[in-house]
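In the two assemblies presented below, chain A is common to both, partnered first by chain B and then by chain C.
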Partner chain A sequence: MVIHWLWVLPFVLLLIGGLIYKAYRHRGEHHHHHGFGHKHGEATIAVDTYAYHSGIAHWNPAFKVVLSIVLLLFCVISDSVEVSLIIICFTTFVTVVLGDLSFHHYFEMLTIPLVFLIVGSVIILINFSWTPMTNVILCLPVFNFFVIITHDSLYVTVHLWARAFGALSAMYMMSLSTMSNEIFSVLRKAHVPALLIELMNMIYRNIFIMADTQNRMRNAAESRLGYVDYRTSLKSFGSTISNLFIVSLKRSGHLFDAMEARCYDGELLFLETEKPLNAKLILMALGVVAYCVLVWVMTRGV
Partner chain B sequence: MNHIILKTENLTYSYGDGHQALKGISVEIKEGERVCVVGSNGAGKSTFFLNVNGVLKHDGGDIYFKGQKVGNSKKELNELRRGVGIVFQDADNQIIASTVMGEVSFGPMNLKLPKEEVIARVDEALEYMNLSDFKERAPHYCSGGEKKRISIADIIAMHSEVMIFDEPTAALDPLNAAMLEDVLTRLSAQGKTLLISTHDMDFAYRWAERLVVFCNGEIIADGTPVDILADDAIREKANLRKPMMLDVYEAMTRHGFSSMAEDHPKDPDAFNHWLGQLNQMQASN
Partner chain C sequence: MSKLSKKQKWLVAGLLAVALCFGISPVTGAMHIMEGYLPMGFCILWYVISIPFVVWGFIQLKKSIDANRRNMAIIAMCGAFIFIISSLKIPSVTGSCSHMTGTGLGALLFGPAAVSVLSVIVLLFQAILLAHGGLTTLGANTFSMGIAGPFLSFGIYMLGKKFNFNKKVTVFVACFLGDLFTYCVTALQLALAYPSELGGYSASFVKFLGVFAPTQIPLAIIEGILSVIVIIALESYAKPEMRSLGFIEQEA
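Now for the complex of A and B:
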């Protein structure tokens, strides 16, 4: 059993080494952002800026998209905790160390889906029974019933958790390093229907318009003490939301006018910088995938 | 330089709620003209611009571009949109791409130009607006003045013959406003036809060769800035402020300081020159 975890070790060491190196490189710098959750009052959602400032923004976007999707699929198909852990370590390494995203921000981003993950897995982990059971990990009497964790449910939960988390970090590697327009253009090259891409693009853009509108209105309400106590907050929030749709609709109407004025006819096309493929990166990616396959083969059936 | 590039005849437009924003606009714009469109908020300036660009479809009347009547077919409208570019008032509503280069390329890409041509036009437009170092930047995080420059580069890259600026000086600091005026002067020198809506009468007075006054969806006056802004009735009706240079000039002539010299100085430099001439004349008398 223990021997199987040794397969994961190189990647754990890679991640730890990378984090130490990163901490060393950034020593002496001050952290400006304390506390948890995103800051209010900022004009836009940060996700887009992370991709823009990423240290691996210059990698070929198709390469990043394909690598993430391959890792994601492999993570889901293999259903192996070892493989998932390797993928988690590797993608975190790529995002946080190579991409130079602060670990704090990365973790903050992860907390949103993590909450869902934990809530979802707890329900699978725990069983209830009227009678006590033997040969289980935990059998906790509560009032007149028992909360039980069996070996099976623990196994399922750990596997589910590893799969979901692995897939998640693979997707994060892509979305935190590749700008939306690059992802859309990769999809276009992969011959995804133009209508779908256009819809994605429009929805994405309108999310930002709405977030930005909401932010402005919130700031405006806050400056007039609209969030002074809980009751007022609720009231302000309510009227902000009902205005949000009208204002956002108006703004997206303006945006569409501006697009039409520049001869938009149903396809959003932009000039992009060529980001050439790098042989070293391909080798690295192949190496990681091959290693995952090897680990999967060596650890199955145990 | 004298032939008419853009002409509207009895143009009318109503918004969906029944509000008639344009009540029969007839105007002829000559090639290479510097026109300022003035009038209070809600007078119909922006609606007019969107109509002559083909984004809003007029209810009645006709639009002629380069002598050709523009119909409602997609091809004709796109031809109009290619020839008439709008720089919108709020750059945030215009900017859509996530890099400056992508943003400026949007128009040329929609014109289905070959890639080399698109690259050449983008480079040229960025160079023109002094944005060459911004190529890879994200436009949404640029400052207000930079965004304005990007939105102008957007239209320059489309090589439109007529360029419309909807209140370009609103929300710009003095430095950026001066930059903008410089750009407008350069564009005009290159023979572009410029239509600019503004509330800044000092700017309209010194920059425009022609003023078109909108009031409640109609054109109530059309002529040189001096003629229009010196006319109290028009100014009253359209709520226009008298430009300071004109005020000073009129006050001086009222007090007997009139000269045979060059008429109506429009900026402090010209005024200085005018005073100098006045002095000389008095000395020689």
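Now for the complex of A and C:
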């Protein structure tokens, strides 16, 4: 059993080494906190900002998207704790060390989904029964029933943790390093219908405009005691939303006029920077995927 | 099996309380199933179930855009609107952060077909930008948020309109039940993937329902109230726009 954990070791060492190297490189610098928080309206912008500033923004976007999705799918299909741990270490290494994202910010991005994961898995972990059971890990009497943790439910929970965390970190590797318009252009190359891509592009732009408008309206309402008690805040929130709807509806008309004035005929085209594929990166990706497959095969059936 | 001492019982109760407090905020966050939460088989199953609805919605959308290009801008705006209202904190009694699903309101305004396509895009953005939901669970989330809930809301709204019920009551009931239905479908999806060993699917379904119920039922009521407020405001300030969406019938 122990021998299987040795498979994970190289990647744990890679991650630790990378973090130490990063700390060494940034020694003596003051830690800046940029005020990104968990505030929702701005959280959308946080991921976007990180993606623009990422140290691996110059990698080929298709490469990043494909690698993330392959790792993500492999994590879910293999359903193996060892493979998940390898993927977690590798993707964290790529995002934090190569992408040069502060570990603090990365951790902050992970907390909300992780808390959700922990709570969600508790429901799967525990079972309720009216009668006590033997041959289980835990059997706690609570009032007049029993809370039971069985070997199977613990197994399922541990696997769920590993799978979800691995999948999440693989997805973050993509979203924290690839700008959204690049993701869209990758989708376009993958022959997703043009209309869908257009909608994505325009919805994406509208989200930022609306989030900004909503923020300002909320501030205006709040400074006029619009959220002073519960009843008022419901009313303010409702009217903010409906006003947002009306304003944006009018604005979408202007947007369309502006686009049409610039010869829009059903396709938005953006200038994209050429980001050539790097043979070294492909080799690295193939190496990691091959290693994951190897570990999966070697540790199966235990 | 030894009995627990009083102290241990308090410890368990305390831990449960902590788990609940922590649970409430992110769980209500949205009834999205997280990335990697479902096994592969179920991911594919829900994708397959959702695809016909989304394709149908896509064809409807394409028709309306081909008829009038201008609809494109409006539909894109609607998508952004659904994203914004489903990621905004709404005022809530417990102080936890809770969100509307927004798709019930969307279905009343733009029809369930458009909402199914828009919610795919919105859920994709939420997965990538906010880590709500996920890429592998996109099919399951689309089914609960973008298909089951909106279709029920729209159906109830149409029934109410046919029998000439009070419009405000109909909107409230439609959005309230749409939200509740979304949450029941999500609980069902989770229960199917993770049946309880003691009692099978039904026990697991009750477990998932029970954990989400204390937060989701008040939330559904709030969603209903907010939807009514929004609809009233829209009808009084934005008649022409509502008419262009087809929400208010054209006057002769």
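Quick notes
By our rule, the second predicted complex is superposed on the first by the 254 of 302 C-alpha atoms of A that agree within 3 Å, B and C clash if a C-alpha of one lies under 4 Å from a C-alpha of the other, contacts with A are read in each partner's own complex, and residues count from 1 in each chain.
Note that in this section a contact is a pair of C-beta atoms (placed from the backbone, for glycine too) under 8 Å apart; a residue touches a chain by one contact, two chains touch by 3 or more.
Keep in mind the model is a prediction, meaning the values are calculated, not measured.
By the touch criterion defined above, A:Leu255 lies against chain B and chain C together after alignment on the C-alpha atoms of chain A. Legend: residue contacts after superposition of the two complexes on their common chain; A:Ile69 is shown touching chain C, with no touch to chain B.
Judged by the touch definition given at the top, the superposed model places A:Ala167 against chain C, while chain B stays out of reach.
For chain A, the partner that touches more of its residues is C, with chain B and chain C as the two candidates.
Within the superposed three-chain model, A:Asp100 lies out of touch with both chain B and chain C [touch as defined at top]. Of the two partner chains placed by the overlay, neither chain B nor chain C lies in contact with A:Glu108. In the superposition on chain A, A:Thr273 makes contact with chain B only, while chain C stays out of contact range. Of the two partner chains placed by superposition, chain B and chain C are both touched by A:Asp48.
On chain A, the patch touched by chain B and the patch touched by chain C overlap at residues 44, 48, 180, 251, 255, 259-260. Put simply, chain B touches chain A in their complex at residues 50, 53-56, 74, 78, 81-82, 85-86, 88, 90, 93-94, 96-99, 101-111, 115, 118-119, 122, 135-136, 138, 140-141, 154-155, 158. Chain contact summary for the complex, chain A toward chain C: residues 40-41, 43-44, 47-48, 69, 72-73, 75-77, 79, 109, 112-113, 115-120, 122-124, 127-129, 132-134, 139-142, 147-148, 150, 152-153, 156, 160, 163-168, 171-172, 174-175, 180, 183, 193, 195-196, 198-200, 202-204, 206-207, 209-211, 214, 227, 230, 233-235, 237-239, 241-246, 248-253, 255-256, 259-260, 266. In the complex of the two chains, the chain C residues touching chain A come out as 1, 3-4, 9, 12-13, 19, 22-23, 25-27, 29, 34-37, 39-40, 43, 58, 61-62, 65, 69-70, 72-77, 79-81, 83-85, 87-91, 93, 97, 117-118, 121-122, 124-125, 127-131, 134-136, 190, 194, 196-199, 203, 207-208, 211, 222, 225-226, 229-230, 232-234, 237-238, 241.
Those residues of chain A whose C-beta lies close enough to touch chain B in the complex are 44, 48-49, 52, 179-181, 205, 251, 254-255, 257-265, 268-273.
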